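The two complexes that follow have chain A in common; it is paired with chain B in the first and with chain C in the second.
Our next item is the complex of A and B:
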């Protein structure tokens, strides 16, 4: 069906219509959390929240606010559905995902409600593609119960320095150990691999450290396999906030600027590896 | 032990390690008074590489005070530390290598921009000294050229090419790919390059000769030479005698010692070849018999290595090696004996025997000198 017959009359049927002049503003940020197939969409008047979970220990969320979209119409308070994120990304980049400046894929994303597919209209250079992706009942999301009042340690770092550390992490180590402390070593990432152990120390007065608020010394270990996917989000971001709470749960929040300079957020929550308890 | 490198030398150190990783799987590290030595040897013991970084290379150089320290570790452990050359160049200000003997760890600390500190505590194993005995100054032929020339030359050979033949005659050098006897020469692609003596910084030949050695390991040295911009010297003698490729400047010296194909198999290749070749080699002598090809390299396992030792000759045939008389077996010898060699491999290995130094500076070693073969039972009675 040609795009024009859908455009005006079609809007009345859909409970969600979201349009972007540049589909990359959605696809890039979704790639940052695409380590599993199934993603849960939670749409409110504020915008789009896309969640991926792994083994009940890791949760990644991407937030794309309503004002990022050129058009954002939601006829209900909350809309939720689950789709295959890999398929969605393949559709969003169906025109090849080239980065020729000035040539963008335009997107209109439409959803009719429970039981209907997610419909994507993609246009580039006069060519239109229509994709319909089946949706599923959204699974129950884990509530990590991570709230700011329980945060014991928090730092905000410029992403560049962490990018280097993460790209060099010893992958033969099963865990990534994070030490945060008001005293030396302040902020330390450690690995324990086949050739020995390695530590990456960031001093609190480093010019890469934008904020340093650590109240007590905590050392926690997280499974490397769970945290490795977060490097995609790190690669896109310009700043990252690292927080741990009293239980040793980790929150990583990434500030991502899209092609148009607008700000979106990606966050990762991770449970500590059970074998090591945090030090008080 | 405490060595500190700063600035551009960190990248040089990293390049040396990358270069050694093309030779062998293990890195042998030994700080001596002359400097820090980093060595590697390949599994068939036909290639040996050694970097000597003099104390001037370092901002601080301190050898262990108590005793001779030497260790080996899988080279990939060190490669992990120095993996990205571009990021080393960009962000590392200082590199410190310390021995933490209590915990038997070698600690490599990289001080980076923005206050970032990367600390690697690497485990290592104690080992015997790995030292090839060679005297490149005694070799008859020397060629020296800018690394660019060598790099441009080997570029013409496919990366899969194992062995290259270098022939010299008067004013010219030919490089050819080496084709095995049994290969079908009508199907093989033959590549030949000719360089005139003018292209070399130094061209000193005492005889026409033709040697064949492994290209892969030569490329390992070129990796280092190209980035350092230092001229590469090639020292060689007759076939069977190793070729020594080296670079040096005021603060470092690198030597790659590669075995070459021995004379008899080499002659056969020449006869098979239809292309015009420079006259081969000195007339055959006793060395041509199977049992008596000469070694000119022996690997020492004692800690008293030195280049002034007489090269040790031992028997070597193309398919098996006899053992030198030795007083103490060591791991390397046993490894060599158990190596499963393909039957038609014609390289003479750099024999890794335990050669006993004849110098009187033997320290508290309990090994006997070679002259004594067996003690008399009469002596024992006399001692009582």
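Our next item is the complex of A and C:
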């Protein structure tokens, strides 16, 4: 049964219908934030925002704009629901995770509103899979209250430079310390593990540094266990912006290009682990 | 008791080797039953081997150019041996390019199947590699355990879709549920379904084709083509079956055609893997909800 026939008959019932010719344009970016089971979907006319939170200290968001989808119809202003992300990813990749050139899984994602399951129609090579994933009432999201006016320090780096550092991070260190400063060391990542202390310095005039706007020397520590999952988003991205505000809250924003070269964003917000002297 | 046989044809040798390789994957030991017309590899389903049973029947003339058998007695003109198929596989591996392979029942320090492979060589005298494979002779009083099983009835049989797709789907479904429902009808349609508290997933396969059973048909002729017959299976077992299949079914492979189809009897089902054109061996695998994996391999008449 071709997906197009289904949409004609079923479209009137759904409050959300979003279609992709290539389901990987959704599954790949969701994998970048899939470190917990429960994901909260917030759908507006702008597109999809998927959020995962961890222990009230970390929040990851994936944004997939409406124009990424081949079809995006929303009959209400805002639609919100919670689903099990692991289950959703298993469904999105039902025909296998491998990428064979030219062979795509087409996706139609439909939602009927509160109390209804999230329905996925996936098709590859004439075989159709229908998934109905139970939804729950979305949990209240933390508002990190991170706004650009309170940003004290901001850098934009090419992801390649950070990828190396993150892959080498000493995981025996409980924290990742970030120092941002208008003067030396400018941008420094530090770990304090069993084998000793390690520092990764990025000078402000380095090739990898696309933007450097630091107003105040700040050193903050973040729990390694909270930031480690962000490595997935980093791996997918080509650029990353690192910002801290007056409270030491961290915002990481990743620019991700999908299979078709379109841009999506993933962002991580993290609370600092403890107060640190700013000129340590 | 006497047994001696010889394979001269490299195609027959390869085929015999492939059969043994398959059996080696299924079980560590089995019964080799030799009769005047057939060679059987049998495993009777017992709790000790996890309820697995297997019946593989080879028409002797299709493999051996020479075949001589003198059984236990004239009324019981058969020989039953317990053997580890891996030993046979290993021996056959060294005989891959042999000009001929002789198999003989011998007595060394214990009863053995002696395999002698004549390997090609540049000189006029070929090299001969000999393997002595220890076997246990099975006394006649135990032969009733190794009788030919009967083919179960079924409601619907249908060819399986390309295994790659089916494997991917079953792999993902295994993450979501322990059990899967297979349903199929006589219209070439098959669905795989799982349902749990969290999610329900149904994959629809179309245009698969149903095997024509002809005179052997045991399914009801008056069955409505659209009606689905369904059976529930432990996903891991289905996955095990799929992992064991090396090639794409329903495609020609050299001289033999390879088919895989599934027969469903409401409530239970079995999967048939058939290599049927030249050598007439059918591998049939029976999977049921409450019984651990059973391999059931009868031949087609």
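Keep in mind that, in the parts below, the second predicted complex is superposed on the first by the 269 of 280 C-alpha atoms of A that agree within 3 Å, B and C clash if a C-alpha of one lies under 4 Å from a C-alpha of the other, contacts with A are read in each partner's own complex, and residues count from 1 in each chain.
Here is the rule we use: a residue touches a chain if its C-beta (ideal position, glycine included) is under 8 Å from a C-beta of that chain, and two chains touch if they have at least 3 such contacts.
In this text, all values refer to a predicted model and were calculated from it rather than measured experimentally.
S.K.: Here chain A is shared; do chain B and chain C fit on it together or clash?
M.R.: Superposition check on chain A shows chain B and chain C fit without a clash.
S.K.: Figure out whether A:126 sits in contact with chain B (first) or chain C (second), or with both, or with neither.
M.R.: In the superposition, A:126 contacts chain C only.
S.K.: Just chain B (first), just chain C (second), both, or neither: which does A:206 touch?
M.R.: The first partner, chain B, only.
S.K.: Return first, second, both or neither, reflecting whether A:139 touches chain B, chain C, both chains, or no partner chain.
M.R.: Touch partners of A:139: none, neither chain B nor chain C.
S.K.: Once the shared chain is lined up, is A:260 touching chain B (first), chain C (second), both, or neither of them?
M.R.: So A:260 meets neither chain B nor chain C here.
S.K.: I'd like to know which partner A:197 touches here: chain B for first, chain C for second, both or neither.
M.R.: After superposition on chain A, A:197 lies in contact with chain B alone.
S.K.: Quick test of understanding: once the structures are aligned on A, what is the angle at the Cα centre of chain A formed with chain B and chain C, as a multiple of 10 degrees?
M.R.: 70
S.K.: After superposing the two complexes, find the smallest distance in angstrom between C-alpha atoms of chain B and C-alpha atoms of chain C.
M.R.: 14
S.K.: Jot down the residues of chain A that show up as touching in both complexes, chain B in one and chain C in the other.
M.R.: Of chain A, no residue contacts chain B in one complex and chain C in the other.
S.K.: Spell out the part of chain A that touches chain C in their complex, as residue ranges.
M.R.: Listed in rising order, the residues of chain A that touch chain C are 1, 84, 86-87, 90-91, 93-96, 117, 124-134.
S.K.: Residues of chain C touching chain A in their complex?
M.R.: Residues 161, 164-165, 167-169, 171-173, 175-176, 197-207.
S.K.: Over in the complex, which chain A residues touch chain B? Could you list them?
M.R.: 161, 164-165, 167-168, 170, 194-203, 205-208
S.K.: Which chain B residues qualify as touching chain A in the complex?
M.R.: Residue positions touching the partner: 73-74, 76-77, 80, 83-84, 87, 91, 105, 114-123.
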